[in-house]
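For reference, the structures are reproduced in the following blocks.
Both complexes shown next keep chain A, but they swap its partner, so chain B is in the first and chain C is in the second.
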Partner chain A sequence: MPVTHTQVGCPYCGASCDDLEVVVSDDGKEILEVRNACAIGNEIFHHATKPGRVTRPRLRQEDGTHKEISYDEAVDYAAKVMIEAKKPLIYGFGSTNCEAMAAIGRVAEKGGAVLDNCASICHGPSFLAIFDNGYPSCTLGEVKNRADVVLFWGCNPMHAHPRHASRYSVFPRGFFTRRGHKNRFVICIDPRETDTAKISNLHLMVNQGHDYDLFNAFRTALRGHEIPEEVAGVPREQILEGVDAMKKARFISIFYGMGLCHTDGRNHNVDIAISLTRDLNAITKATIMAMRGHYNIAGPGQVWSWSYGFPYCIDLSKGSVAHMNPGDTSSIDLAMRNDCDAFFNIGTDAGAHFPIEAVKKLRKHPWITIDPNICMASEIADLHIPVAVVGVEEGGVVYRMDNVPIQFKKVIEPPEGVISDEELFNRIYMRMCELTETEPVWIHHPALDVAKAVTEE
Partner chain B sequence: MPIVKLTPIAQPELCLDCYAISPDALAGLTESGIADLEVWEGKVRWRLGDFFEVSGDAGRTPDETHVVVDGDASRMKYIGYKMTGGMITVNGSADMYLGGWMKGGKIHVTGDVDSFCGIQMEGGEIMVDGRAQNHVGCAYRGDWRGMRGGTLRIRGDAGNDIGTFINGGTIIVEGNAFIHVSTHGEGGTVIIKGDVQGRVGGQMVKGDIFVLGAIQHMLPGFKKVDTIEKEVDGQPYRLDHYVGDLGERHPSSRGQQVLGNLYVRAA
Partner chain C sequence: MNNSIQLNLITQRAIEEGVAMEKGKTTPEYFEACSIIEMNPEDIKQLGIYRNTNVRVTSECGSVVVKAVVAGQYCPPGLAHIRQGVWANQVVPPRTQSTGVPQYSGFPVTVEAAPGDRIKSALECVQGACGLWNGGT
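This part shows the complex of A and B:
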């Protein structure tokens, strides 16, 4: 009889839904049905068992083709690249678990690498703004139960986070928001009339790249000063209508996305959004949250901040000193300035996401892709190592966009012989220790023994 | 002043971290001692002598040492890092962090500089004859105490983030600038002689900004108060005086609210 797994986490977007139900065939090999997920989440589960999965590492040959090799050979190749490179760059981690992020830390330290994650081309500017100005945030549960004014700035959750509006921010009925969307005033600020704009009560069509000016107008008006007739393409009346709605709110939640992080000014757009949130807290209660893209892209920020004090762009090339300064130690800048000489693409697709010039420059050096699927980064790689799909074939801890940790479940076994990210990184680390004739260092905590014993029981 | 001449003889494959190219690191050393100083290319340690021909001994103290980099240093980071005195001349271009965390002395670059020139500068003088990339005289990420003293002059254009979190000192950009001038400023003076695209003085609490060209997009948080005559960098100008950022918090002094000043050349 098919088995139904409940409370399964979804390995797609930053909303990290954990209410999925997955029906698996008797033999535990096929996923028959996925309930509650959005179309994209649904597809990720079914994709895992479709034919055509790569199940062994593939090494590029002299004639340009890929040849299957064993995991041991792949581990040896990766370890040697890591040791020989002067400044290897390890990038990715949007789509893997925190256990893997901790394991890669040992490899990066041993190899004197730069450790970076997808935030570098995504919400990295948010980190910089948070360093500069703080982060008055909350959990998504609070948004659901309290928020009566919701502001979406430079983001389009109806497409990028399909269940965000229905689970947390617009439609759900919460403790203080019993009438669901009827209790909420939704403001959308976007240069385009997106589907999120269509479900909003107020849409301010800001000129592309002028969000900072509009925030400045909001803050100026909030302090009772006069503002010009039009700011960033938005008429004064509309700005004052937005300010008025926020002043009357009991609880405001501001969500923002790439419209702030990746238009001119970047971190400053987020920075002034945080300043606006702080200003609003003098009148009512206001919070702000980054619309993180992948289901565990908040994970490396948490794991590495704990390990190194920095969430991303961590240069470990000087041994025990971690240095971070995006612009210098960020992936794209390292690539464009020819300042790294090996590239590890893990759980992401730099081939598709990086500017073509950066890809060309990285491709001059050894390129290793670690990813369950065939993607652009796997096809241009010197070595592609397939791994189990986290959230489907491998469990683990993930951090949702509000930095709440969630234990994800494994629902089926990975294909025969395919290993997890964590095991792969541990094996690369061990091989590096063998090659350099050094003792591996494992941080051991007695609590881990207890946890392991409980799990085994 | 004794001159140590560093002539590039090889270019690194990656960028080179040259913490050693500063009067402070060189003071008291002889030619061979200087050549043995450490530079980093990623995780690989090299000798300074592997990339530069060294001629001349350094002075006894940093103040008595003049370092001349005679050639292209556009892949050499951290020249003048944390220097407290003496002089550096780069006959060519320099890479990131030129004069970063500098406390005293003088740096003159005849070419261009990359980003983070004069980051967290506290004193001394930097003069760049060419252009600068982004983050001129800015704060390090997360530090609310940016540039605190000294003079930083860029003869050419500069990019974005000029004097972010500036607390003191003077930045002069003789060409044009892109966006974000004195963002979060809490003091100091920034002079842009050319045009700026926008976001001048955003979230600024205190300090002075002079734009002697035009601002394409003025922030709504600035209000014009009057037009004045004032001397800027030795030249008299007629300037429109704005105060702001009215959207930001401002302290009071003797019952008066202290605001940032933005002076833009009057039409």
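This part shows the complex of A and C:
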């Protein structure tokens, strides 16, 4: 009899939907049906049990072929690379759980590595702006229940976060938004007429790369001053229509994405978006939220901030003193300066998503990919270590885009012998301790004993 | 009609790219979804090519052959979009303005008609750049 798992979390985008239903065959080995997921989430679950999965570590041979090795051999290889490198770079973590992010910290400290995550090429500028200007944000539940004006600036959730509009921001009926989308005025600001623009009440087609100018015009108009006939390609009437809608709002939610972080201005674009939110709060209630791309990419920001004081670009090469300086300790800049001598690609695909010039520089050094799937990073790696798919074969804590932690659960067992990220990192750490003849340090909290006792009861 | 045209390129997500990526980056679906440049019909006309013709896109740091298509999500004239992924990153400049983030969007490219040029597979693009390409698919 097939088993239906309910309230399953989706390991794709930052919306981290936790209302999926997954039907698993009675032997627990096959996923038969996935309900409530978007097209991408659906594909992730079905892909996990398709044939062709790599189930053992593969070491690249001199002739370019891969040879299967045991997990013990792979752990030994990774530990030696980490110890021998002067400044290894550990990057990724878009697709794993917080438990693994904590475990890799021990490896990074022991190896004197730079610890970085996908925010480094994504919402890193958001962190920089938030450090400078604060983050007047809220939860997605508040958006659903309260927001009557929703602004999407430089983001396209209909493609990148496919259920965002239906679950949180545009269509759902909330406590104070009982008529769903009829209660909401949606503004989209994007240089293209995206599918998100098509579901909006007002689309301002900003000239690409001129978002800062348009933010300035919004702030100027909001304060009651004159603005030019056209700013950043947008007619004055449209800007005033948007400002007027915001002034009349009871609760405004601003969502922004890579349209601000990937283009000229970077953190300054986000900075002025936060300033606009602050200005709006003098009139009504306004909030802002980064559209985080992966289901747990908010996780390393949380875990490493409480571990090291910094969310990303963390240089641990000076021993116990962590420091962060994007532009210097960021993955792409390290790569382009040839300033790291080993690369660990974990739960991401730098081979496909880094500019190829950076990939070429990193590939001059040992490259280890830790990921469940065949990807570009696995196919250029010296060593590929497959692991369980978090959210499908492994549970754990993830942080949604609004920094709300959610306990994800597993629905099937991983292929026989395949281990989790957390177990792998702990084994690499233990092996590094053996090789350096040092005592492992496990931070132990008495509360864990209590939690374990309760679980066992 | 020109042999080449200067455009402003952005590289962002698309749901087709997301679905194909989860199927696998070596699949035909990923190739179909990502090895295209979305352009305004006027720009395609100005380039003097038919829709769905191969073009060579060259930036300050590299070049890549992709198929020119009319944007499903309207691009104004002068703006073009390659979906994020392997082909886009052959031309994305790695300069970060000291933030760590490369110039994924908003960089100048030259687009030339290249009907006789072949679009490389994802593996050929990435392994080839790293000197690891041994032929194959």
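Throughout what follows, the second predicted complex is superposed on the first by the 457 of 457 C-alpha atoms of A that agree within 3 Å, B and C clash if a C-alpha of one lies under 4 Å from a C-alpha of the other, contacts with A are read in each partner's own complex, and residues count from 1 in each chain.
Simple rule for what comes next: a contact is a pair of C-beta atoms (placed from the backbone, for glycine too) under 8 Å apart; a residue touches a chain by one contact, two chains touch by 3 or more.
This one's a predicted model, so the numbers in the text were calculated from it and none came from an experiment.
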Partner chain(s) touched by A:D264 [first = chain B, second = chain C, both, neither]: both
First (chain B), second (chain C), both or neither touched by A:D213: first
Partner chain(s) touched by A:T194 [first = chain B, second = chain C, both, neither]: second
Partner chain(s) touched by A:I370 [first = chain B, second = chain C, both, neither]: neither
Greater chain A contact set [chain C / chain B]: C
Touching partner for A:N338 - first (chain B), second (chain C), both, neither: first
Partner chain(s) touched by A:I227 [first = chain B, second = chain C, both, neither]: first
Touched partner set for A:G327, first chain B, second chain C, both or neither: both
Chain B versus chain C as contact partner of A:N156, first or second or both or neither: second
Partner chain(s) touched by A:L128 [first = chain B, second = chain C, both, neither]: both
Residues of chain A contacting chain B in one complex and chain C in the other: 128, 264, 326-327
Chain A-touching residues of chain B, taken from the complex the two chains share: 13-15, 40-44, 77, 96-97, 115-116, 134-135, 140-142, 144, 160, 165, 179-180, 183-184, 198-199, 202-203, 217, 219-221, 223, 245-248
Chain B-facing residues of chain A, complex: 85-87, 111-112, 128, 131-132, 210, 212-213, 216-220, 222-223, 225-228, 231, 264-265, 268, 271-272, 275, 279, 317-319, 324-328, 337-341
Chain A contact footprint on chain C (complex, rising order): 8, 10-15, 18-19, 22-26, 61-62, 71, 73-76, 79, 81, 84-86, 89-90, 92-94, 96-106, 122-123, 125-127, 129-130, 132, 134
In the complex, chain A residues that touch chain C: 12-13, 38-40, 43-44, 47, 64, 120-122, 124-125, 128, 156, 158-160, 162, 191-195, 197, 205, 208-209, 258-259, 261-264, 266-267, 293, 312-313, 326-327, 330-333, 335-336, 349, 351-360, 363, 373-376, 379-380
